[in-house]
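Shared chain: subunit A. Partners: subunit B in the first complex, subunit C in the second.
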Partner chain A sequence: MKKKDIIAKILFVITLLAIWEFVSKNHLLGPRSELIFPSLEKIMQAFVSNFTKGYAGISLWTYVINSLKLLLKGLVIGILGAFILSGLATLSHTLASIFNLLISVFDLLPGVALLPVIIIVLGVNSDVIVFLVIHSVLWPMSRSILDGFMAVPKIYVEAGNNIGLKNLSLILGVYFPASISYLLSGLKVGWARAWRGLISAEMIFGIASCPGIGLYINQMRTNMNNAEMYATLIVIIIIGVIVQYGVLAPIEKNTVKKWGMSS
Partner chain B sequence: MKYSKSKSILSMLIIILMMAAMTSCGKASSADTQSSSAPMDATLNLAYQYGLSYAPAVIAQQQQYIEQIYHEKTGGTLTINWSQMSSGADINTAIASGELDGGFMGAAPAITGVTKGLGYKIFTNLSGQEHGLMTNDSSITSIGDLIGSDKQIALVNTGSIQHILLAKALYDNGYDAHALDSNIVAMKHPDGKTALESGAVSCHLTSSPYIFVEKTNPDLHELTEVSDSYTAANTFIVGIASEELVNTNPEVYSALCEGIQQGMDLINSDVRTAAGITAELDGNDPEVEEEYLQKGVYTAETSRLFELATFMYENGFLDNDPLSYENLVFPNVSGN
Partner chain C sequence: MSEYSLRIESLSKAYFNDTESSIILKNINLSVRKNEFLCILGPSGCGKTTLLRCIAGFEEHTGQIYVNDSLCTVPGMDRIMVFQDFNQLFPWKTVLQNILFPLKRKGINSTAERKEIAREALSKVKLSDYESYYPHQLSGGMKQRVAIAKALALKPDIILMDEPFAALDAMTRRELQNEMLTISQEESSTIIFVTHNIQEALILGTRNIVLQKGGEIILDEENSLTKPVTPNSEGYGAAWQRLRDAIYLSC
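Up next, the complex of A and B:
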């Protein structure tokens, strides 16, 4: 990243924080805006107390770890599922048309709307959250993979066939490397959808024996602990930024950018 | 290079100006609400939630009782902006931001709001409603059977009135108030009902009208400790008003209190007419609505409100001590 871009980003964040503090300190959102729009100092204190004190004796660490475990499980299953189903769709026109229909139908359905059905099928346990994460990842990721596979030039596929590649070896040897930029784009969309899906699901459906970040936010809202709630949102943002810049960006740098497939 | 730098600074300035403009817009709109009225005319912003527990407020809204009373007393016009919100937490946020002058919510979020210093107090009891802990497991006969088990209890949210009533029932029966905290699964009433009926959870702590429907299911039975500990005769839903409204516009406040009282009076004196008004909005059959309304208790007098607040504070559901009954309610409210 260029130095100029970094400075611009830092300046932008500082400006936002300054505006936040100005609004909070001057009670611009009503006589009790300090309660609903707490100062940065209070949010920082709440950030620390979320981890040291938590809610009802349970630290926010426990909530974060539970959420990340469920997210990782759902993300891995969702991504693998998207690869397998998209790979199968590449091998058969009939499977491709069925899979496209499934994507068109299910990508439009919000996971939380399926909650009553999922509860009946899976019961009330953390598998419900994992299922909702898989639902958030599978369809957009599959769409990106299929688009990527369809964009592979025919000559590449024919070249692969000529050297004896077919079925799985053709997918791994030709389709996969040739469409890596689409796969990465799908991964980014899938990750974001999964993260949001997880938090939404936990806010609607909180299991006290396996509490997640969404449940913590709800508990803070219910108790009007808004500084703690905003501090939790910061945790969500930090995790998102770590994944974006610590995981996805290096993958992108070492693949599509290194291979000259993207600027 | 120079052009690019100045472009960046310009973009930053535009963003700051836009955000400042948005902030000042919000402020202006809030001020308009408070100051645009003619001398005797006034505006009142109220919020309520879904369900029969709010019937007196819904009737007062539909029949325009508050507006009529205000007009009779002052000759002015009162415009009420009613909002339907989905939780007490939403109403608390809106009232703290000055967007609402009052509203109706569960006793627990109201106690939380008052003790947090949101600038409001309770101006009336609105209703007491049946609630109960239902189970689909015939081997469970009392609340004590759940302690130490992995049986799950569906209720609206941790910290909700249903959670507090569960904790209170435990406490009243000699158990730790938090003994079943890890058995809780937070889900909305309809989802909880589905989960209980399908066997996905063992128990559901719910309120009217879901409790009435679940009680008719022969596969379910009630663990009575919760309903025995805090009956329908006790405060469940309350009306709240901002201290600013009471201090700056006592005529509007007075009309609000009387209008809501009139709504309660209609339910208590002519439940059929009252059911006719609310059934249409709830989508229920009028006869079923009438039956449900008769099972609620609609009175302005609070019952065991301070006891509930004290219990919440002593068991970690409240950060601040409620101190006294008078600290929770306006002087016109009677009860305990």
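Up next, the complex of A and C:
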């Protein structure tokens, strides 16, 4: 990143924070100012107390870990499932068209809309959340994989055939690496959808055995602890940024960028 | 073992669509001796690339293709193709890995042995210093060199080359033709080389054939010019004229 860009970004953030603080300190929104724009100082204090005191005697840290555990479980199952199903779809035309239909139908269904059905089937427990995460990642990821497979240049496939690759060895040796940029964009979309789906589900119903970050936000809202609520949103953003720059960006750098495959 | 690397018997190929079919290759019979450097010439659209792709096993066809007397129906490592497209190397593998991977597929299990073979092949195409480069860091000519090195390393019965130098600039093309000539004289591979460039065929080939539109062989002759061939070589003009006339006959 260019130095100029970094400075511009920092200035932009500082300006936003300054406006926030100005509105908050001068009660520009009347009596509700405190609720809508708690002062930055309060939010920072809440950020710390979220972790030290937490809610119901449990630190926010525990909620975050619970959420991440469910998320990771769902992501792994969803991504593996997408790979297996897309791999199978390359084997036959009929399978591929059925799978495409499934993707078109289920990708449009918001996970939260399925909640009532899932709760009836699975009961109120953490499996429901895992199911939602799988649902949010499986379809976009599958679509990216299938699109990626279709876009693999014929010459790589033929070069692969020429050295004896077919079926599974062709999928692993040519199709996957050749469609890596599609896989990564699928991963980005899938991860973001899963993270949002998880928090929405947790806000709708909390699971006592496995309370997560969405439940925490909702409790803060019902108790009018708005500074704590904002502080929790910051935690969500921080986790998102860590995943983007700590996980996805390095993968991108070591694959597509290194191989000159980014368009 | 027969003296032929390749025998093609009554090979035909047609493309079909809803209403009509077009015949690309019609009843081709062709035998290629071991170590022969066969150049296939012909006007654009005459089916020379299709013929090469049939031999490689990429196309459905009628008729039989035998490599060293065994019938070939699918692609295999006994026939390695060098495409015209520069982007035939796997971009996710380095130059060296692009050669090591097929060697592993071929069943050479010792890493040291694979590396030795790959490095030897790279030195033949003068790319020893580039083994850790990724294909996107190479020029078009270098990529073609790697593709040739890959083919050499695998020691196939036949190397199939589909206008590998056609998209290169004149200077690089000349350079690669010279290297190809040296390589073909040192190696014991049969080479089938598709080109539309008469001079290239005369410089490289030991035998030239011309395909007519519709895919019939209308000229088949030994290239008896003494290597290295230049436009001043004895008999060059006459040979050039014969090939040219055959190519333009069908236009």
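Couple of notes before you dig in:
By our rule, the second predicted complex is superposed on the first by the 262 of 263 C-alpha atoms of A that agree within 3 Å, B and C clash if a C-alpha of one lies under 4 Å from a C-alpha of the other, contacts with A are read in each partner's own complex, and residues count from 1 in each chain.
Note that a residue touches a chain if its C-beta (ideal position, glycine included) is under 8 Å from a C-beta of that chain, and two chains touch if they have at least 3 such contacts.
Being a predicted model, the structure only gives us computed values, none of them experimental.
Within the superposed three-chain model, A:S33 lies in touch with subunit B and out of touch with subunit C [touch as defined at top].
Within the superposed three-chain model, A:T255 lies in touch with subunit C and out of touch with subunit B [touch as defined at top]. Contacts of A:V174 after superposition: subunit C is touched, whereas subunit B is not reached. Once the two complexes are overlaid on the shared chain, A:G123 sits against subunit B while remaining clear of subunit C. By the document's definition of touching, of the two partners only subunit B reaches A:L11; subunit C does not. By the touch criterion defined above, A:G164 lies against subunit C but remains apart from subunit B after alignment on the C-alpha atoms of chain A. Comparing subunit B with subunit C, the partner in contact with more residues of subunit A is B.
When both complexes are overlaid on chain A, the residue A:L115 reaches subunit B alone and has no touch with subunit C.
In the superposition on chain A, the residues of subunit A contacted by subunit B and by subunit C do not overlap at all. The part of subunit A that touches subunit B in the complex is made up of residues 4, 8, 11-12, 15, 19, 23, 28-33, 35-36, 56, 115-116, 119-120, 122-124, 204-209, 215, 218-219, 221-226.
Touching subunit C in their complex are the following residues of subunit A: 153, 155-156, 158-159, 161-165, 173-174, 177-178, 180, 255, 258-261. Chain contact summary for the complex, subunit C toward subunit A: residues 56-58, 74-77, 79-81, 83, 85, 87-92, 101-102, 105-106, 134-137, 154.
Every residue of subunit B that touches subunit A in the complex is listed here, in rising order: 8, 12, 15-16, 19-20, 23-24, 26-27, 30, 87-89, 92-93, 96-99, 109, 112-113, 116-119, 150, 152, 154, 157-160, 178, 181-188, 190-191, 194-195, 198-201, 244, 316-317, 319.
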